[in-house]
Amino acid sequence: MSLLDIQDLKTYFTTGRGTVKAVDGISLNLDEGDSLGLAGESGCGKTTTALSIMRLLPSNGQVLSGKILFKGIDLLEVEEEKFRRNYRWKQVSIIFQGAMNALNPVFRVGDQITQAIRIHEEITKDDAWSKVEELFSLVGINPKRARDYPHEFSGGMKQRAMIALALACNPAFVIADEPVTALDVIVQAQILELMRGLRQKLGLSMIMITHDLSVIADTCNKAAIMYAGRIVEQADIMTIFKHPRHPYSQGLLANYPSIKGEIKKFAPISGRPPNLISPPPGCRFHPRCPYADEVCKRERPKIVEVARGHYVACLKA
Amino acid sequence: MSKGLETLISIRNLKKWFPVRRGFFQAILSGEQQYIKAVDNISFDVRKGEIFGLAGESGCGKTTTGKTILRLLEPTGGKVYFEEQDVFSFGKRELKEYRKKAQIIYQDPYESLDPRMMIYNFVAEPLLIHKIGGLEERVADALERTELTPPEEFFHRFPHELSGGQRQRVAIARAMILNPEFIVADEPVSMLDASIRSSILELMFKLRDELGISYLYITHDLATARQVCDRLAIMYLGKIMEQASIDKLLANPLHPYTQALIAAVPVPDPTAEKSRAMIKGEVPSPIDLPKGCRFNTRCPYANDRCIKEEPELVEVDKDHYVACYFPLI
Amino acid sequence: MATKSGVRISLNLARRFIGFWSEYTKSRIGVFGLIIMLSFIAVSAPAPYLTTYSIKASEGNIYEVLKAPSSKHLLGTDELGRDMLTLVVYGGRISLLVGFLATIIAGVLGTLVGSVSGYFGGWVDDLLMRINDIFLVIPGLPLMIVLSALLGRGIWNIIFVIGILSWSGTCRVIRSQVMSVKEKSFIESARAAGAGDTWILTRHILPNVLPLIVAQMVVQVGGAVLSESALSFLGLGDPTHISWGMILHYAFSCGALSSGYWWYLLPPGICVALVVLAFSFMGYSLDRIINPRIRAR
């Protein structure tokens, strides 16, 4: 049984301008120990997927349909209070995007993390504090620094603190939403190394959300590519990078800048990502696809397993 | 592709220091003014028709360098020669002329356009400032060159109606409308989506080929630098650590910092070597600079000499400069 | 091409106005305030054409002194036999006029000083802000009273006094907005294109600060009307003009409160309150529209 099995998830937002079909029927699965990279550009629905799993959607967002099976249990059906006590942060946790700014500047870092721990576990303040010091060692921060305030931490340290916070209750699986985007190159490498190490040490399963394909190639073993609220391709890392079948994946990878290997000529994908309030009918990528034809404009492509473990949603694949 | 070896801009010993603001009592009691030495004695040339990259992590001084070259910031020291004229000694009139020839594109397409101005007026503004006529034609031409077609469709729109990529094109159109010879591009694609970046970079390339514009391409992303730049200089805490042609630099980095940077960049290829953090810690504060070589606090090879004296940028191989006592040849 | 672009520009402006209007009308109190303000203006402006009675002191009907409301005098009469309703309608003209003019003065002064101060910074900013502090710190009403007493009782003096003492708040708000707009890249971009300070101030800073100025000023009109009423009530108003404050002044001087001549007190009082409320509501709605715009991309 897979650890996480998302089936046909639909999450929509109601706004003044109409309904944003942010996540429009996606299916994903994650086995224990997997690190799944969820790739896609801004606005494609990756963060919404993460928030749907964590049941932390803003008030105007709603999961319309679908299942999120965690160890066989549908998280969407669990009662709110039970979810808060038993699942959120304890089994599944999240490192938010822009996490460095998620720390409250007027409280000590250690206090903020102990508070989070004590909300979910019945332990004393001292025990919680020792846990924090332990966590800090685990993520590479000097434990004594738990007494500091956020402004005394550097960007990299704050990100480590956020990772510590996410790991505070020993979850089985962590969602990392753009964990290294705002960091400098070398600090980024340090954090990625840390995350790889933690995965191994703690047997952590992870969904890594990022727009940076090179980070996925670097840290994940599986990848799913999202476009305009739908998953267009999903496979293990080698397959996605070496044998992409969906035109969007192909387009992205064809001119992805790399510091090694052949210098790729510019081959941009024409057009822009669609408006999710009124997306194009049929396949959402058809306006930009070099292979699109009449069928693509009408029918929504179903996800098809073209090879073992390799799923593509394209009528022309 | 017109890429001569003629020098367009010469930067010599450029310094830009920012005084650290102090409170009233601090100023009286401590006496000595402290400075953030954002750019501290750097020299390089940009040749005609070339794309010269300036790369480094945040706080290294690359953006400050770009702005000081354009005199959007007043320098603390050094000289910049544009077509052999001393930019820092320009009077008001000569400075205005200089502005016609040297332009800038910003990183944030959301903040670099005036939200209250129609696109037409925004792109036409430089023409109005310099009292050049033929507005409509020139604006339409500029918009066409940046692939915003048909141009008339965009004249009356406002920035919030455009996407990030389109806004950046507008910014480029405006920068180009006076036919500049030199453009400082400050991380022009870092805030754009991956599928849009290529098209903007391709546009910049095209303009270089068609109009012979030279670029100072400022970035923290070595992968895009590789796609775009002819030569690259690596900055750290206000100084240039290494400088060479892009291929040489990436194939054979001589400075430990450059090596660490390259090793840290992940590659979009699962079979390639994983990214490594070769050095620990983070960039120190620019107020309290390390003595000697600025990189010595994190360098795996540092020794006594590195702590005492700052190394000069010397040519160790043809057109390959390093500021290190122990370049890893 | 000229007409084509003229048409396009007008279409775009029309679209923007409609967009603004639909945002504005989302706030019910904003619309409410607008209706009240427009009603007052609609009634007060053509006062001579709407009323039949005279407001001249000498033309009061001495047989109808201090009469309660009746079918002949809908709001009763004052101690000189003048029709109250007519007085209130005419009073609106002066009260609103003073309100608008004083606010314009305060707005222009506050914008000028705030923009220059915020844009140039340095010693200019320090100097101007110290002057601003003086006006901020000194209690408004007492100072107004002192100035009025010194300058004498005249409508323009009142407008001047209220204007001079309301500019300081606006100034501060404009200054901080200017300081934040100044930091945006498009300002530096203008400088990179060769623009000078005046160009940047007039073509970039002011248009971006304008919505805030307008929202500020709308609320201030209410405040100015209130200040005028206070000054007139205290006897510093212009005796040759009728305003709501003056009516209240006369009401008190003939003992309306203790004698129970409620029709002398309530109408002007309610008018002042309604007008202040109307402008506050409008200012509130405008603020709601402006702020999300600043935050949204």
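In this document, chain identifiers A, B and C correspond to the written order of the chains, with residue numbering beginning at 1 in each.
Keep this in mind: a contact is a pair of C-beta atoms (placed from the backbone, for glycine too) under 8 Å apart; a residue touches a chain by one contact, two chains touch by 3 or more.
Source: prediction; values computed, not measured.
Of the two chain pairs considered here, B-C and A-B, the higher C-beta contact count falls to A-B. Each chain's centre was taken as the mean of its CA atoms, and the one lying most distant from subunit A is C.
Averaged C-alpha coordinates give centres for subunit A and subunit C that are 53 Å from one another. Note: centroid distance subunit B to subunit C, computed from Cα atoms, is 50 Å. Note: centroid distance subunit A to subunit B, computed from Cα atoms, is 32 Å.
Contact residues on subunit A toward subunit B in their complex (touch as defined above): 41-42, 154-157, 184-190, 192-193, 196, 211-219, 237-238, 241-242, 251-253, 255-261, 263-264, 266-270, 272-273. Every residue of subunit B that touches subunit C in the complex is listed here, in rising order: 67, 70, 72, 95-96, 99-100, 103-104, 106, 108, 110-118, 125-126, 129-130, 136, 155-157, 160, 171, 174, 178.
Those residues of subunit C lying in contact with subunit B across their complex are 1, 5, 8-9, 11-12, 184-186, 188-195, 199, 203-204, 207-208, 296-297. Contact residues of subunit B toward subunit A in the complex are 57-58, 163, 165, 193-199, 201-202, 205, 220-224, 226-227, 250, 260-272, 274-280, 282-283.
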